[in-house]
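Just so it is clear, A, B, C and D label the chains in written order, and each chain counts residues from 1 on its own.
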Amino acid sequence: MSKKIKLGILGGGEDSLIGILHRVAANMFDRFEVVGGVFSRDFKESRQFAEDLGIGSKKVYKDLDQLIEGESKLPADERIQVVSILTPNFLHFSMAKKLLENGFHVICEKPLTTTYGEAKILEDTLNNAKTIFAVTYTYSGYPMIRQMKEMIAAGEIGEIQKIDIQYYQGWINPIIHNEEQRNSIWRLDPEKSGISCCIADIGTHAFHMAEYVSGLRVEKLLADLNYMYPDNKMDVDGTVLLRFSEYVKGVLRASQTATGEENDFTIKIYGKKAGLKWGQESPNYLYKIEEGQPIKILKPGHGYNSALSLDGTKLPPGHPEGIFDSMGNIYKGVAKAIKGEEYHPGEFPGIKDGARGMNFIEKVVASHAEGNVWVSLDN
Amino acid sequence: MSKKIKLGILGGGEDSLIGILHRVAANMFDRFEVVGGVFSRDFKESRQFAEDLGIGSKKVYKDLDQLIEGESKLPADERIQVVSILTPNFLHFSMAKKLLENGFHVICEKPLTTTYGEAKILEDTLNNAKTIFAVTYTYSGYPMIRQMKEMIAAGEIGEIQKIDIQYYQGWINPIIHNEEQRNSIWRLDPEKSGISCCIADIGTHAFHMAEYVSGLRVEKLLADLNYMYPDNKMDVDGTVLLRFSEYVKGVLRASQTATGEENDFTIKIYGKKAGLKWGQESPNYLYKIEEGQPIKILKPGHGYNSALSLDGTKLPPGHPEGIFDSMGNIYKGVAKAIKGEEYHPGEFPGIKDGARGMNFIEKVVASHAEGNVWVSLDN
Amino acid sequence: MSKKIKLGILGGGEDSLIGILHRVAANMFDRFEVVGGVFSRDFKESRQFAEDLGIGSKKVYKDLDQLIEGESKLPADERIQVVSILTPNFLHFSMAKKLLENGFHVICEKPLTTTYGEAKILEDTLNNAKTIFAVTYTYSGYPMIRQMKEMIAAGEIGEIQKIDIQYYQGWINPIIHNEEQRNSIWRLDPEKSGISCCIADIGTHAFHMAEYVSGLRVEKLLADLNYMYPDNKMDVDGTVLLRFSEYVKGVLRASQTATGEENDFTIKIYGKKAGLKWGQESPNYLYKIEEGQPIKILKPGHGYNSALSLDGTKLPPGHPEGIFDSMGNIYKGVAKAIKGEEYHPGEFPGIKDGARGMNFIEKVVASHAEGNVWVSLDN
Amino acid sequence: MSKKIKLGILGGGEDSLIGILHRVAANMFDRFEVVGGVFSRDFKESRQFAEDLGIGSKKVYKDLDQLIEGESKLPADERIQVVSILTPNFLHFSMAKKLLENGFHVICEKPLTTTYGEAKILEDTLNNAKTIFAVTYTYSGYPMIRQMKEMIAAGEIGEIQKIDIQYYQGWINPIIHNEEQRNSIWRLDPEKSGISCCIADIGTHAFHMAEYVSGLRVEKLLADLNYMYPDNKMDVDGTVLLRFSEYVKGVLRASQTATGEENDFTIKIYGKKAGLKWGQESPNYLYKIEEGQPIKILKPGHGYNSALSLDGTKLPPGHPEGIFDSMGNIYKGVAKAIKGEEYHPGEFPGIKDGARGMNFIEKVVASHAEGNVWVSLDN
């Protein structure tokens, strides 16, 4: 009998991009086995999808309630142990809550919920449940991000004095400039998507990365969002001034109207001794710069890399790994946690990271709405 | 019951890098299921490895003969259908031959065999067997390589007039410069590794790529190899002049002594109208250059990409995929072929590509041995 | 007799970097001849420097007053026609004023003056003088900046919707973190340098570039500066939110504490149809990005470049020109203006650009001082 | 009276690209003054050109003989001291010879002559003349090339084991593929241009660079040229196998049919300890790579640079200098030599470098003509 962890998935059916990303990641280290779930609201389609995946439809359910009921009846070693939530954002909260209350481990896509309030409730639920909970800030699994995090923690760049993060995309242009489209797409409809578009979708990735890599926490922020048209209800672009402490400042720039940009997510951190720079589109190159020294480019898989970084690299230097491998590393960490193996706290983001992201989104929108003023995060 | 293709693996156990590459690739599109094989010469270790993979040891065998015997007894739908050969080179031939003779599909690592003669025999065997046979020239699965191939086929750069291929690594330096090591490592021992080191290991990748992407065939070649020391028996570096036809020339440079290089595999093809350039370490960037025009960089996942290229990309532009994804595309092609689905002839290299690689190796070594003279390939 | 324009220089003696930059630029197109000036406060050194330059000391003067007096006596065709002011900032105003009042053309380093008030006075003086006045925002002379400017003017990226400018350096680190040094260096002494360090020194370059290239004007701004220590009196880092119009926003980031950065000045402009990106350290590469299209890299010297861009390139594509060539282009424009030849208004920045830079500096400091609030520029 | 060195120029009139390159370079360090010469075969045009340069036509002569005659009559301190030869190749020899025989210093464009025989004669002439003679292998003046040379000399990469040089351009495509053009252009007419096109024009730059930077000498070579059409008489592409010593090999690739390439001149040198890589189109970046170490990028103007490199950089790091600055460094070296100042032997290439280039051209053509066989250079 397979010793792999039994994984159920909510959403992610058919041509879902997030679906294939999670499945490949789950399979990557032979630790998980996708066994079923609810892939689609249409039960028939859901079953067909499972057949196409070659996993049979035995563990495909009509909805989450039936999944919980069905699985709970089974002996422990036949049961789905962990569920990945890949459904639209507004469903995350209720699904995660139910799963936790019924003893399942959970892997949840970001943003964790649609409000910070929900996120706080979920944190309480998890505290009682004591299962494993991961939020997939995918980019934090890249080996060179882990390397950057550990170099900073080890003092290699000295005390941090400046953080500059950018997440630029251009895909929303054809939508935002079309009156009909911008007033009909779910992404720009607050009822379906919460209070923010750009900041919630990509700004949170940037915010999480800034804190994850630096080990610092944002104290307060001042945001300037762009809605582009009077009839548009959600931000599609924003710049956020960050204050980590009185003299440690940062700036976060996120945009879905940076025409022509694909997924240009970069982070630059400057310490008293050196700077570190990384960009998601060429994720295997980490730049270390120091006054009066040659620029250094660190790559994955080398003896000079940290243990956490090396644990996330499968092949020798020069064999580029990518975003699937990054997500694979997050799943690997979750597997270790579920199996009770030792793991590094940086291997996967948890519920606190997810809740913090929600806090960030709400504060950004508030800062802008109040006239671009400083507002404090919960700390 | 799972509809996935049942895959057995020979070799690739424990920390094998090639092992994880093949497993991740096989899992990538939910088309294969690793069910067993012979992971190690040590039966116990082999079984333990299967347990660690979470697949159980039911289909783990002592050796290939037992695997063939055991599987052949089973009903067709329980049988291993395809076997990946990841063992040392000198075992490829006999293993592949047996598998073919017993009706298995085969996925074989390169180089296909240790001699061109063996490769020709294997070709005959396959002709009788009529199963599917793939040789894993891994790099040919990259989306932008497929794009390059199809742009050239579509005439986008005009008639080809020059091909320049480089495959530089530096890893053999500490070995080659140490007398004891260079005289003891299996890589440099002709009895264990055949007649070539550098050309057989990486030169063949470059040679395959040149012909795969260009659609041309090398007619003759002139090689200059470097053995570095009088007591060293195998090439660690070589430059090969290529003649595709009287006025279409090329040069292939391969090295394991290019100190500090990781896996710097690049190809440049110049046609009458434009040039195309690609490098493996940044595989998602294809450069098109034309006299008097801005340089164009093509990336994967765009509407402008060819169907074959798009079929090999899983996420939208800006989400970098890497070498695991490239190998995954090759496995995907094999899955289509096994299932009798339509597929593009460029989806995976076959036995002819493998045999041609052996022909290349032997001719390169002959050209050098005879004093750097022109020798013809079988065509 | 030489028909070259007779150029005098104030400052820029000995090992002055700005001195060699201006001299090389002036010589570049055989249009100017450096004939004298006041290279140093020490008359003897000044004369010696002229001898070293090989120009003889006939036209070397003790100070500006003597220069004006001496030259004014000469027949028109023997007189210094234009004077480059390369002295410390606080001297720019009085020197430029005198020169204008005495009929000289002036080339002045930035920042134009130390206060916006002075700049306004200088504008009036020039209006009366009707001579030529250039402010050397050096980077605006790069061929690909001119290309960018003209592509935008021609509508190639559509209506601008977002501007992102960065000017990062790290050189002040060893000074700012040393209590004694930060309290003694003239750069951080408001009495000697005016009210700003980082914004005045490099922020103004970025501000000028944003307006120069885009053709837009900043309406208001909100700034967050960093002084790093309570005892430090001048900004060494700052982020400025820019508002060009209600829905056209921008962000300008300038820093002298971006550890390890050399002169990382970049500009990205996003229009409704496309984006353009340029970086000063690789100045011959202009990136054009469009949704669903290959990235395009434009280089100098091609038929596809604008006339203004081509006028600034001396050699065929592939022969990299640099910052001396950029400044050379500015001098070339000044030469045309002095000679009464036709020239493009974008060939050199004028007094209005210099005054606008002063307005910017004062508004940035005010916005920060008032608690990071929006302040309007004169428009 | 000006103490600048009086420079005369042969050729380089009107829109000549090589003309502006030499003039800017000569002016760069205030060491030379262009005073006259023979800018054109048409005396009137030549005089007009001098007027346009603003230097007056006093020292413009009808031809070289008159120049020599006219200048020789003048007192030493009024005489042209050094002459730059920028005329078509076939004129270099006779002009240089006359100038040397009459006591002038000479700066000569490459290739030095049209045959190796002429070059040897010129060497003898110079031995008697004892003036200064420079051959403008322009690229050797780049600061990072000097840095590379000195790092290698200092043993920083260990014993050299492999050299890989490329010089690719694509400009000849429209000519070579047009029957009429390829049979009429002077570049492809052996009577006007000597025995080689591609190798003589750019291959020699690559050859000089290989020996200049490495400090090694090519012992023998084997060349494969491409003439593209039966009716074409001169090479437009070639690959040359280089042998520095039995186990130190290299390869030089030069092409004018590398479609879309501008001036892609790169050099890679691999030693036992490290590799160094440089490319002309981004000349301020020198890559040092070592097994198991981060990649290092060295840039100009840093404390870690060699004295020779620093002497060739005028501004602080981050201010890109280009090809004019590279040529300027060569002129600076010549100025030092003429003035009897101390200078580094690597500051400018001399007649031996020029003659060696001619030897190289002839041997390459011979190797190809004899069927791609090894031929030895004079050593």
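Everything that follows uses one rule, which is that a contact is a pair of C-beta atoms (placed from the backbone, for glycine too) under 8 Å apart; a residue touches a chain by one contact, two chains touch by 3 or more.
Given the structure is predicted, the values throughout are model-derived calculations rather than measurements.
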item	value
Between the pairs A-D and C-D, the one where more C-beta pairs touch	C-D
Centroid-based (C-alpha) most distant chain relative to subunit B	C
Computed distance of Cα centres, subunit D from subunit B, in Å	43
Centroid distance [mean C-alpha coordinates] between subunit D and subunit A, Å	55
Intercentroid distance (Cα basis), subunit D paired with subunit C, Å	35
Multi-chain contact sites of subunit A, meaning residues that touch two or more partners	171, 261, 288, 293, 295, 299
Contact footprint of subunit B on subunit A as seen in their complex	1-4, 17, 20-21, 23-24, 27-28, 30-31, 33-34, 51-56, 169, 171, 261-264, 280-284, 299, 314-325, 328
Touch list for subunit C against partner subunit B, complex	288, 292-299, 302-304
Subunit A-facing residues of subunit C, complex	157, 161-162, 164, 170-171, 173-174, 177, 222, 224, 226-229, 237, 239, 241, 247, 249, 251, 253, 255, 257-261, 268, 270-275, 288-291, 293, 295, 372, 374
